[in-house]
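One chain, chain A, appears in both complexes that follow, with chain B as partner in the first and chain C in the second.
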Partner chain A sequence: MRGAHILKWLLLVWLAVVIVAAFFYVHPAEGFIGESSRIVFFHVPMAWISVLAFLVSCIASVMYLKRRDPKDDIRASVSAGLGLLFAVLATTTGAVFARIMWNAYWNWDPRQTSITILLLIYAAYLALRGAIEDPERRASLSAVYAILAFVTVPFLVFIVPRIYWSLHPDTIINTRGANEFDARYTQVLMASLAGFTGLYVWLYTIGCRIEAIRQRRRQEVL
Partner chain B sequence: MTVSRLVTEALAVMAKDLRTEFRTRVALNALGLFALTVLAAVSYTVGPYRITAEDRPFLLAVLLWIVIFFAALAGLDRSFVKEEESHTAPLLRLAASPTAVWLGKLAFNLVLIYLLMAILVPLFCILMGYRIVLVEGFVVLLVVGGFALAVITTIVAAIIARALTRGALFSVLSLPLLLPLLIFLIQGTTGAAEGTSETISNALRAVVSMGGIMTIVSAVLFPVVWSE
Partner chain C sequence: MTDLMGIMVVTLMIWVGLFAYVYRLDRKVSRLED
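And then the complex of A and B:
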């Protein structure tokens, strides 16, 4: 418990440093209007977390169908809730950036389309959970839906953007990224990615504990 | 279980569904009337001459596939919802294996969707003056697209049949899964109308792989949904 406490404070300091570094340590990147490139340090980690949360949710769903452990269901639902939150944040920051760079908040760029569909999937998943009363049935049916949705995602992320032309800057995890951004950019971005991942892990463990307590109390009432 | 037994069971499930469907025609009416009403509305407001010649291949493809997809969402959940509403699902669980039920229901939905396409697509082309240059490619797109559409809606219908608010949930759950398919099919149909076979083959590859993956995943996951 004590270790977790220290980690929590460390995370706070880490994220504070990342925020300061994002605004003072790096210079605005070339090819971007004004200071708009700084949003990368927050937008990219948010998009990454929304995908990571979805992945965790799917793995937990597969595990649930295999082991039928209610904890896996809790993991899947908590992660989906967090994923929805981060997907909304990524969409909003992306729209702000789009307004500055391309003069429109929304232009149905393939990247915007895929994040919108990810949002729709999360919303549909949570709507399905809300519509089934029996806990076991809810767990297994929503697990099936999460897996079905997961199969759709690669088509959105990899195939749809190839069919349509995109304005979105290349994603960071490719070889050309090094040319567009200098070394300081990469450092801060990686630090931010690590910080946000830590934040996700922290929120996720709290969420799982809260949900477990809630379920236990419900059983005690019954 | 042998393959022949599975096929007989699946065919029996499909025949049963078709027979009960033709008694009430709930799904047929929902699908057909929805499609015809929307087609009438689109044809009345847009008509054959409102859209400029260069925009026609793309915009009419969008309209065509939106009508097909939304008509499918209006009626393809019936096969499973009906079993739950009339409380016949437990008996069906005893009578046939899950895979046979899935195959039978899928076949039933395929019959419905192909029937809808056979009536709607020619009507659409006539009323909107939609000229398709590569007819063979277009027909292949319709067949493959209809199959992928039926596969996805069948498994989602099986899920929502067990939930509380069925009608609204069906579209909500299906649309995110169907959207990539819709994009590919619109792109392919545009190619068919413009006469570029490369666009059709690109779209076909995407639709076939998506339909194929969804078929495999549904076949694996359906027993979980059905026996839960």
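And then the complex of A and C:
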């Protein structure tokens, strides 16, 4: 318990250091307008967390169908919600970058189009959950939906944007299979990825605990 | 203050505010669990 308490404060300091490093430890990258390249330290971790959260949601859904444990249903829904939140943040930071680089927030670039489809798929997941009253039926149907939804993630996030010509800069591991980032960029980006992953884990555990309390109270009322 | 410094300060303020909110929520959930 005390260890978890220390980790939370460590996360505060860790991400604060990442923010300062993102602005003053690295130099603006070549080929980018002004300071726009610094957004990578926030945009990439948010996109990474959304994929991780959707994966966790898919695994929890598989576990639910296997064990029929309501806790797995809670894990799946909380993680999908967080995935959607981080996907919206990744889209927003991406749009800010697009405005600086290409003078428009939205260009219908393959990455922007695929993230829009992904957002709609997971928004529909939450709508589906909201539309079914019976808890067992809701859990079963949404588990199946979450598994099918995750099948689209590798295509929409990793394959489609690489097949078509895109305005989007090279990813960390580019199509040549190499990391061509400057050493300082890699250090700060890895630190940011670790920090944001810690934040996701924290939010995820809180979300699961809130849902468990809600379910307990509902059962007490019944 | 330069623009870069200003954006960094705002980003830090957002992070500290978010942390404070989540930390309080965490403590509230702990109390409800007891």
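Rule of thumb we're sticking to: the second predicted complex is superposed on the first by the 211 of 222 C-alpha atoms of A that agree within 3 Å, B and C clash if a C-alpha of one lies under 4 Å from a C-alpha of the other, contacts with A are read in each partner's own complex, and residues count from 1 in each chain.
By our rule, a contact is a pair of C-beta atoms (placed from the backbone, for glycine too) under 8 Å apart; a residue touches a chain by one contact, two chains touch by 3 or more.
Given the structure is predicted, the values throughout are model-derived calculations rather than measurements.
In the superposed model, A:Glu220 makes contact with neither chain B nor chain C. Taking chain B and chain C in turn and counting the residues of chain A each one touches, the greater count comes from B.
After overlaying the two complexes on the shared chain, residue contacts for A:Ile19 are found with chain C alone; chain B is out of touch. In the superposed model, A:Tyr145 lies in contact with chain B only, and not with chain C. Of the two partner chains, chain B is the only one touched by A:Phe155; chain C is not. Contact residues on chain A toward chain B in their complex (touch as defined above): 65, 117, 120-121, 123-124, 127-128, 131-133, 136-137, 140-141, 143-145, 147-149, 151-152, 155-156, 159-160, 163-164.
Taken together, the chain C residues at the contact with chain A in this complex read 4-5, 7-8, 11-12, 15-16, 19, 22-23, 25-26, 29, 32-33. On chain B, the positions that touch chain A within their shared complex are 152, 155-156, 159-160, 162-165, 169, 172-173, 175-177, 179-180, 183-184, 187, 202-203, 206, 210, 213-214, 217-218, 221, 224-225, 228.
Chain A makes touch with chain C in their complex at residues 8, 11-12, 15-16, 19-20, 22-24, 35, 202-203, 206, 209-210, 213.
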